[in-house]
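Please go over the structures that come below.
In what follows, chain A forms one complex with chain B and a second complex with chain C.
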Partner chain A sequence: MSTTTLDTSAQTIDRFVSAFQVNHGQALNGTNASVAKRREAAIQRFQELGVPTRKQEAWKYTDIASVLDRPYTLPLGPEEADVSAADLDPYLIDDLDAHVLVLVNGRPDLSLSQLDAMPEDVTVGSLKDAGDHPAFEAHYGEYADAEDEVLTALNTAFVQDGAFIHVPEDVELEQPILLLHVNAAQDDLLMQPRHLFVVEADAKARVIGRQLSLTGARTFTNTVTEMFVGERGYLDHYVIQEEDDNASQVLSRFGYHEGDSVLSTDTFTFSGEVVRNNMTLTPDGPNCETNLYGLVIGHGSMHVDNNTLVDHVHADCVSNELYKHVLNDQSTAVFNGKVFVHRDSQRIDAYQSNDSLVLNNDAQIYTKPELEIYADDVKCSHGTTTGQLDEEAVYAMRTRGIDEATARALLTLAFAGEVLEQVTLDAISERVELAVAGKLPERFNLTGLVETASALNA
Partner chain B sequence: MALLEVENLHVSVEDEDIEILKGVDLTINEGEVHAIMGPNGSGKSTLAAVLAGREEYVVTEGSIRYKGEDLLELEVEERAEEGVFLAFQYPVELPGVSMTNFLREAVNSVREARGEEELGAADFLKLVRERAKLVDLDPDLVKRSVNQGFSGGEKKRNEIFQLAMLEPTLAVLDETDSGLDIDALRTVSDGVNKLRSDERAFLLITHYQRLLDYIEPDYVHVMVNGRIAESGDKDLAIRLEEEGYERFQREPAAA
Partner chain C sequence: MSTSETEYLENVANQEYEHGWRTDIESETLPEGLDENIVRYISERKDEPEWLLEWRLKAFRYFERQVEEGNYPDWAHLDYERPDFQDMRYFSAPKEKASYDSLDEVPDEILETFERLGIPLEEQKALTGVAVDAVMDSVSVATTFKKKLKEKGVIFMSFGEAAREHPEIVKKYLGRVVPYTDNLFAALNSAVFSDGSFVYVPEGVTCPMELSTYFRINDQNTGQFERTLIIAEPDSYVSYLEGCTAPMNQKHQLHAAVVELIAHEDAEIKYSTIQNWYPGTKDGEGGVYNLVTKRGICEGDRSKISWTQLETGSAVTQKYPSVILKGDESVGEFYSVAFTKGHQQADTGTKMHHIGKNTKSTIISKGISAGVSNNSYRGLVKVGKNAENARNFSQCDSLLLGDQCGAHTFPYIEIGNPSAKVEHEATTSKVGEDQMFYCHQRGLGEEEALKLIVNGFCQEILAELPMEFAVEAKELLAIELEGSVG
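So, the complex of A and B:
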């Protein structure tokens, strides 16, 4: 038997614990002793920590307990998923010349993937098959905090599969890697993918994760991604969240990078039910550059919570953080940005800002910047703005014949522009720009406009 | 039929009980250039805003007919499509909205309304270059966000550049001359003169007679306390320059 239906008569915690016991041997590398040890410790911690409640500061605005407390199916082995290449065709980003790894319900499907052009020494594939890889041994479980983060503990306990990327020293991967995550569940489904990206010293890679739903099933995805970048390395990680409106997720990313390296993350959230992004980035060496960019386009009753931490454990580093929210309807966004500068981490430049455009009175934004600085020679700044569209600007545009809806859409796109400018892949920024326009209510559709703008700038 | 017929126009501010325009009459025919002068706060910009369709102003009495139709029935953007253009006294900055996106949207919606075809990228760029030259607008400004970080004079010049791009039938210029340096005033005026035609009318709001040396008006009106107090030809402007507005303000309120 490869699936278990969680017993909803039991308490949420007990439900997972008994599922764990029943299916003990079925996880990733069931025979790998170190993975097994981590799993045992993790289920223990999961039990001790319990499901987060809104009484906890980190979950004050996001009720994850009620999302977890649904009668999902918990797959404990690969399922037959009914996905064909033709199903995926519309979601491959046009003009993006990329290596593509397709993950169906959290598991890589190599038959649907396009990895032929991959340089031989680079590994992109299934975490399940990576057990013997030295990079797996060296990095798996090293950065994800299964000790204090309860959902990371849960993921670690049930770890089965996910994407594994290894870029060896001195290899600069020219084409980006597109991880196409598709939910193709027939019934309510709980998935716990686990990804590991290792970019060694002097190596360079760009990874794009795009999350989609192919079926309307209710899903909850509890992902943990670990990222390592060696000295002078470079990793740019984009995540485009476009799951269905009954798909919820907690995506926990842990990034660790060494001296003189760059680790950038861009998170675009366009749909989903409850979306929680936990991000912990640790630049551990001199002259690191750490970037966190995010754009949330909220509509309907979407709830998006970005919880970020830049942990400056080392001196002489720079971090930049910019999150923007565009909130329609009854959508809610939460932004909690923490920057921690340790006592000996001198000469840190840390910038953080988050701006929200609240387009409807029923939409809500909760933001909380947290700067904890224990070193004395640092430059840190943060700024928060919340506002509406400038009605003077709307009027001025209308006097030039631009209809009101287009005027509002153009101004919204302008608001998001600062984040879009950070995207280094044209195909992605165009894609995101179109999504920004398209995801706004129908009347905001700007497709033609965006295309002309790119023609003009070409 | 006159292009614009303003009759006994009374205008108040939406929320407040203040009447700003108190019975304005003004008729403008195709191809004419009219100037309105008058003391600060007399209602000149309010008249311009009502013509453009600003919603905070409420017409309590009177009418505005444009091309024989009721202008007040039209939305702001519809007026623009019908050829009404207002060059703002205080142009608005549109941070992050590129001039090209903005102009292209504007030009094409106005063209569509006129039954003309959308301009393709190449033709559009050609038009931009040509019209920028007409008002001597620095072509680098076209690569920036609308008015963002533009100098006061650059913003004013940009208004006339937009006028040149949109080719309106009735162009209202609200103090376009203030903020322009002496040379800029001349180039912008030259640009406006080149845009004069038998079909296109102008309403120039100004405080300075100098502008009217460059752009010669057919009529000059004096607005005082929400009314046109006197109308004449360009010599009226010269007289005002010498005498000021004192004699109008001493006149009794009733006409």
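So, the complex of A and C:
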């Protein structure tokens, strides 16, 4: 495979710029003029903005510069990754009857995917092959902010491939689409997948992205996902982050939706090294419903930073946001949520909540829920709490014969449960609950209990 | 929104400033501009000891470096032109004398000025139970009830006097809580501070009356840089209030004060502010830039510092009265009402830094925006690694009066100890139609109803003010609302 190793003797920015020059002809739709133009503008912008430092408000609590500064290799073409269907078998979600698109090191691999049951007019495949699709022309690059977000600019400059989903008007996809993202890298690898989901008017889709590592290689993934939902459309996007402890990532999602539509996101972070999730959702039409749910189970020295913005540019919308943290060991969680209500965006109901449960002395929490409001006829609120398990509740359970470890585990699971309740797919909520139970500290691992409960329910 | 409510809101937003007149007294002012000589001149005029001059000069050099390096604190949600530090005066004193030994020496014009502001300086006329230090431009005019306070051992005097009479205390505490390296404006203040109040409450003494300083900017184009230092020795209590007004000026005036509070074991300091600097015209011309650094330290165990503020004036306000909770079981409180209208901008809040064990802080902030103003709450709750069992409760509510204003909340929460219990909640809304309807049902007109609702919205905070000032604060708020909110 052809790769470029980033020259670590040069400054981080110069490294990428010279890699860009080498990489030039290898990009997504190299012949597509508008994509090429965006790439040129993006590398320019990347140079101007530079790598974010902790002096910048948006990166105050996450040191991304030192993560970016490692000697990664940049793959230029598709690699011959040694992944077989059998390798993936354990990671398919049981009981989830889904269309499966497998992405190896950020690129779709159709031979591993299961897309046979897909309705004919729905497109699920590689972004690389979508160049002539009218939806690509209409939506690619329209929502991702490569102007102000430096990592989005970097992704736009190096864009090669990713998932492309198009659900045409009036089509309601019954089965969800599972995007299985696997890291199968053998050495330090930097990947920049780019995804585009287009759900047209009156259409409905549910997309689940599950991120895994098959090898223990150190990786950095800089993903950009653009989402569009047309009038009265519906898109529910789950992301389950279960990469290796050596894997860092910045996942930037930009969602734009039109009147009377619903756009929901659920982000579950269970492992990784440094994980930064940027989310910008823009409901641009009346009666939109925008939901953001998140759950972080921190352990080891994980650092998870969720940075969200709900940009209310249109009147008469509702947004809900709930993020929960359970932190153990030396893990760190950052939550920076912003609700922005523009002038004349009247009659907005926006709710935002962030709750943290700290289980250990060395864990740290930084939270900053912001409201920026320029319209008066609104109902906006936010709340945030940080605390421990309620000792009285632990006591109450013990008086009923439940041992202390189990009592604490059940209460922790219940704390996370508020987010899991929002999950509409049973197979996913079970899978997530199991993951939560498994990630709890050794002393109160509840995997067995949850498995038994699931079996009883089945 | 009904027409009369809209009209009332418009009127409120356009309300003129009532303390905008200026007293014509001959004053000695320095020319515009700032250099080392100005700093030396101020120090000399105030008969300051050598060490204080040295300290000022160090601060001045630091300030110059900050300006050169462009370290301007411009991260707040505020939009205004940076003050030109060479285009203002740093000292202005009534002509004849720069300090007065007794009230008899104070010119009648100045006494009348304060009387007109409702602050009579003759003790027989004064509010009983309140000792006042009146500061006009760069000079403390008079301090009332000094004798009575002295009997108890309480020292309450202008900062200038304190530097001469109690240098050992001033030297020990000056810059302890707000070092001149804190920020550019704190450095500027440290270099050129003119006057301010000094309070020292000895061990075991409960200060027998409220202490109050009234600041008045009178001269045009003069910056006001006062410095307040309050020290409460173990087991003492003091309640202090500052008020302020300024005449209307076309040009922006800078007010860059520094306040330092030190509470030792079992001591309590209650600090209240009624800030009513000139907010500028309804078109946003002129007005005071109120860029202030206020911080207190709960040095001893079981000490307590409580900030209460009613912010109604100034074109631009940026201040975050903070508490460092160093002592075990110490308590920090912040109660604030910020009212902005016209083109006013406020970015205010607090910092609660938990260091000791079992510390507790409470933050209640109410923001009201009208006109085309912008009102932001910005606060930090930080729980250090060793701050076992820290407890914080924060509540920030915003009320929007009109559809052209903005209300924003930027709370920062940083937690390094798992035993912390921290809660934060915030809401933003307009006056509820059901609330208005309820009032109308009971025969209240638009204006009365709105006043009632706004007053209710702020009640929690106003109740924290010392009784003598709660009435004044309520009136001030009513005047601010007059003719606008229905």
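Quick note on the criterion: the second predicted complex is superposed on the first by the 447 of 458 C-alpha atoms of A that agree within 3 Å, B and C clash if a C-alpha of one lies under 4 Å from a C-alpha of the other, contacts with A are read in each partner's own complex, and residues count from 1 in each chain.
Keep this in mind: a contact is a pair of C-beta atoms (placed from the backbone, for glycine too) under 8 Å apart; a residue touches a chain by one contact, two chains touch by 3 or more.
Quick caveat: nothing in here was measured; it's all calculated off a predicted structure.
Once the two complexes are overlaid through chain A, chain B and chain C fit side by side, free of any clash as defined at the top of the document. Applying the stated contact rule after C-alpha superposition, one finds that A:F158 touches neither chain B nor chain C.
Note on chain A: of its two partners chain C and chain B, the one contacting more of its residues is C. When both complexes are overlaid on chain A, the residue A:F415 reaches chain B alone and has no touch with chain C. In the superposed pair of complexes, A:T406 makes contact with chain B only, with no contact to chain C.
In the superposition on chain A, contact of A:W59 is made with neither chain B nor chain C. Contacts of A:E392 after superposition on the shared chain: chain B is touched, whereas chain C is not.
This overlay, made by fitting chain A, leaves chain B and chain C with a least C-alpha separation of 15 Å. If you check the complex, the residues on chain A that touch chain B are 390, 392-393, 395-404, 406, 410-411, 413-415, 417-418, 449, 452-453, 455-457. Within the complex formed with chain A, the residues of chain C that make contact are 75, 77, 398, 400-430. Within the complex formed with chain C, the chain A residues making contact are 57, 327, 343-344, 346, 356, 358-361, 363-388. Chain B meets chain A in the complex at residues 52-55, 75-77, 79-81, 85-86, 88, 91-98, 100-102, 104-106, 109-110, 113, 121, 124-125, 145, 162, 166.
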